[in-house]
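Chains: A, B and C, in written order; residue numbering restarts at 1 for each.
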Amino acid sequence: MTAPLLEFRHISKSFPGVKALEDVSVDLRAGEVHVIVGENGAGKSTLMKLLSGAYAADEGELLLEGTPLRKNSPKISEQIGIAMIYQELTLVPELSVADNIFLGHEIHKGPLLNRREMERRTEALLASIGIAVSPRTLLRNLSIANQQMIEITKALSKNAKIIVFDEPTSSLTSAEIAELFRIIAALREKGVGMFYISHRLEEIFEIGDRVTIMRDGKRISTTAIAQTSMDRIVEGIAGRRIENVYTRTPSERGETLFALRNLSGGVFKNVSLQVRSGEIVGVAGLVGSGRSEVARAAFGIDAYKSGDVLVRGKPLPRGNPQTASRAGIAFLPEDRKREGLALSLPIRENTVISALSRLNPRGIIRRRKERAAVQKYVDDLEISTPTVEKLTNFLSGGTQQKVVLAKWLLSQAHTFIFDEPTRGIDIGSKSNIYSLMDELVRQGAGILMISSELPEVLGMSDRIYVMAQGRIAGELSREEANHYAVIQLAFSRPEAAAEGGTPDER
Amino acid sequence: MSGKTSVFSKRLLKIVTDFSSLLILAAVFLFFEAANALNGDHYLTLSNISVILNQSCFLTIIGVAQALVILTGGLNLSIGSVMAFTTVMWGRMLVGNSPDSVHYLVPMAIIVGAGMAIGLVNGLLITKLKMPPFIATFATMFACRGMAWLALGKKVIYNLNSDFRYLGTGVVERLGAFSITVPMIIVFLLLLGTSFLLTRTNFGRRIYFTGSNPVAARFSGIPTDRVIIWVYVLSTGLAAFAGLLYGARLNSFEPGMATQAPFEAITVALIGGIAITGGFGNIWGVLCGSVIVSTIYNGMNSLSVASELQTLVMGGLIIFAVAFNQFLIKQNMELRNELDDSAPDRTRRPAPGEA
Amino acid sequence: MSASAGRKNRGFGLSLLPNSIFAFLLVFLLASLWVPRFFSPGNLSTLLLQASILIILSIGMSLVIIAGGIDLSMGGVLSMCGVIMALCLSQGMHVLAAILVGLACGGLFGLLNGFFVTRMKVPAFIATFGSMGIAQSIANTLSNKRTIYWEEGSHSSILDFLGGNIIRIEFGPEASMIFYVPFLVVLTVIVVGCIIFLFKRTVLGSYTFAIGENEETARLCGIATQKWTLLLYMISGMMASLAALLVLIRTNSMQPTSGDGLEFQAVVAAVLGGNALEGGKGSLYGAVFGALTLYVVRNSLTLKGIDTSTTMIVIGAVLVGGMILNELAARHERARSRKS
């Protein structure tokens, strides 16, 4: 057998405090779609970043068609025909489609740009994968889905032999996903080798040839799609840890702390839900189903059109995180570095920021009281740090999440909205955070947990709301909830059911 | 290297980076002392130090005004124009010593109040109209300067009330050749107050947090708009106050005064270790920055450097100071982190009764 | 993902024009209606001549701003290069050689700015503000703070041509009825045309937008971002020296303070033209209209006999008003593109 198109051989990579990859070996053949699955933090993205040249491996080697690749950088990887398609687009909105596709490797006629030729080729490329967009359109005038297609076209324009798709479907509608899959199938015919990273397990069976499961930086298995099943993949991803990772002790349900009544706006419509004291309420659904948007609107970050946010039965004035936090709502954002912490400030100042008025009602800081309060939560949450003066910039993801949690605990919130509570957090801190959540509800708090990780939702929630197309598609009790029930609801079409019309595609 | 010595050297390095402004100041002093010594002069005399400190007072005030805004991640270009506009508009009330005129504190209050009102405009443009601080304060800079010229034209307000002038020129105590002046006292009180505001009050905490990460600040329930508006009100009000002291010292107000003030203020604040990106810096550093800048001006005069060459030195200084400072801030943060890690675990666990 | 999803190019419609043209038309209309003598051939000619210098500066400024930077040294560089060219002339150097020296100095100074920004990682605002002081200082030192004149002679004879008019049409006997097109305006049109041509037809434009949008992404696309940033600062320095040439020809002398404050006017013109200070967005045409808007306002205030100090207030107001107008136009466009 000839050498595979690409091979990772015994790769290891560490970051301060985390072993991101440990002895990982994976190969990619020409003309195959190799799906890589695993939880966040399992090491998928790190592996792909080694391929793109963004990182260098500590140990092991990368072989291209049998020959080791000695050095790698974004430039080199591009030259040897590796293209990355990220979730975040790397396009320039003010430039035309053709200019974007040829950015960095333009076609010249003398010193001038040969726009006609670039447009002609763009048109041909777009036609070859069946996208009807004019090459002259400014990128900012395209829908997100179309921009993604342009990103793929860009990879094609460089004659990429290897394309990495990093969660490409997260912002696409189902019709657009079908279109993407058609393009991927066409690429497979052309002999392009593709890595496909996805959280949507259903997609794997539709598009994949082989699947590699990763967990905690290690490769668990690589099998042909035909020889595996959904159950085995789920089991592989989660490991046999389901029982010991998730801590749930039954707790007393109390009054309704937090509720949404027919909340509508942006991408969501008519969302109603309640969170009672003593329960963890999960919100599941595909990425793009409007889960995070609902949470952000409820906390006052984004505006909503109609409906009410009720805290202990009383409507909350809209459009202002300040009133929400004063009413006892806590919001733990998905992107902690960008939205949760002031990284140039120490743990102490991050922890007290939302509780300043309560700790120092006269506006003047009482240092001893502050330090004691912070130290108490650092101890309670087992935040591993030598001192509360440590800058949050230098903490690991799990510890950062705990600091954000400590901030809201100190502000005496009663309802906690977690948006992807364990994204990018290592397994040890994960179970730690789960037991903290359990502890919280036992003490009478309510938790609304938004998560893409089904095992997490199933393992932690007392009740689960499943969202699809911006609506609540259904509600499941802990007893009714299982993987299939949630998936079924997540793929349902509540919009069609509600209005009897056809779903509108952006 | 053994762990102990490396911790020691790191600690030493951290102290160096912590007090980098002071070290620069010392270097500047030494340089001019040496340069003057070549001419057989003595630079570091008590009286000259007193002169430098007195000169730096004005720079410190506008530096503090600028630093407050920079700490929130903003910028205030309207500082000099506001000084000119407010004092020119209401400065006439400070002329002369006739017994029936109002107490000089009344016009002072009006002028500072007017400055705060312009600061409110700055703040509203930035938070409500979402204009970049550069553009917003740039617009008020133009408008205020224009209004100042419009109000007074080429005239000058002079012959000011002598009680008022005492604020800018008075000497409280002479310690040999060193004079403690009223501006020094004012600046010291201002720094004390600002330092208290920034490190010991909820408002100060919110300023730093907003500057460090405005998104996280909003998500933590901080009324960021209100914080920013207040900071511009304070900063611009302080600028008007600086205009008063400036006028008191020169015994005149004129529409063309202090055109370079916003930029001098930026220089002073950045040399003082305030990070241009916001959320980092100690207000006492501004004092250091302004003394450094005053010393350089004063020292260049002592060496009779032509004024046009002085601009060159100041231009180069700001560029290198900022480049150097960015480097230092990064080093300082990393050293601090390493030292935190090498510290014995949980040294600051509170006593049982305290928690 | 069907054909309906991709929006067709809207063609050469109104949408291609920068939003700032509305502000310009509005101001122009108001001035024509309310200011006597504004809409006269003579005055319009003067207006064009006055605006030329700012147009050139704001084109350079816009390039840097679109790439996410700013060049506050432009005024200082104008003074510096003007003084250098004037000194060369007074020493009897040939005009063309003097111009080349001036352009080279501007370009070199721009490179220095680029070095501060790309290598020393000083924020553009600070770096170019510092170098403004340096340039001003050089201008003052070289000129000894005095206006520089030169003896006319064969070496400077081209200056008469450069300072003359290309077209002159008399609509009437009075000065206000004479429409003329000075050579300097033609020169400005040529320079601006060249830059816009390069911007649209070479990689210059796309790279500038890409760097301003996200430097890291641009780098990953294989663009040598530092080199291009250096180039952009160099162009802006050369634009400043070109503007110096215009000043020199118009006044037939050179003051070391000619450029003072012009960098701010150029920023205003660029911002009015829809160039966002955060980079990645903007238009060179827009900056031209921004500069024209500013000069229509200044010109009409002068005609009305209003004090120059009022002009400053008006510039502040125009800036705020223009920003709001731009924002409204952009919102309108967004709303329309969402609907279609």
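By definition in this document, contacts are C-beta pairs under 8 Å (C-beta built on N, C-alpha and C of every residue); 3 or more make two chains touch, one makes a residue touch a chain.
Given the structure is predicted, the values throughout are model-derived calculations rather than measurements.
Remark: among chain pairs A-B and A-C, A-B carries the greater number of C-beta contacts.
Farthest from chain C in terms of Cα centroid separation is A. One inter-chain figure worth recording: chain B and chain C are separated by 33 Å, centre to centre, where each centre is the mean of the chain's CA atoms. Chain A and chain C, compared by their mean Cα positions, are separated by 45 Å. In the complex of the two chains, the chain B residues touching chain C come out as 125, 129, 131-132, 134-136, 138-150, 153, 255, 263, 266, 270, 276, 306, 308-312, 314-319, 322-323, 326.
On the side of chain A, the complex with chain B involves touching residues 299, 301, 321-322, 324-326, 331, 333, 338-345, 349-350, 352-354, 356-357, 360, 363-365, 367-368, 371-372, 375-376, 379, 385-391, 393-394, 407, 411. Listed in rising order, the residues of chain C touching chain A in the complex are 1-3, 5-9, 201-203, 206, 209-210, 213-214, 217-223, 280-281, 337. By the touch criterion given at the top, residues 74-75, 78, 90, 92-95, 99, 103-106, 111-113, 115, 131-134, 136-137, 141-143, 145-146, 149, 175-176, 179, 505 of chain A touch chain C in their complex. Contacts from chain B toward chain A in the complex involve residues 199-203, 205-206, 208-209, 212-213, 215-223, 275, 279-280, 333, 336-337, 340-341, 343-350, 354-355.
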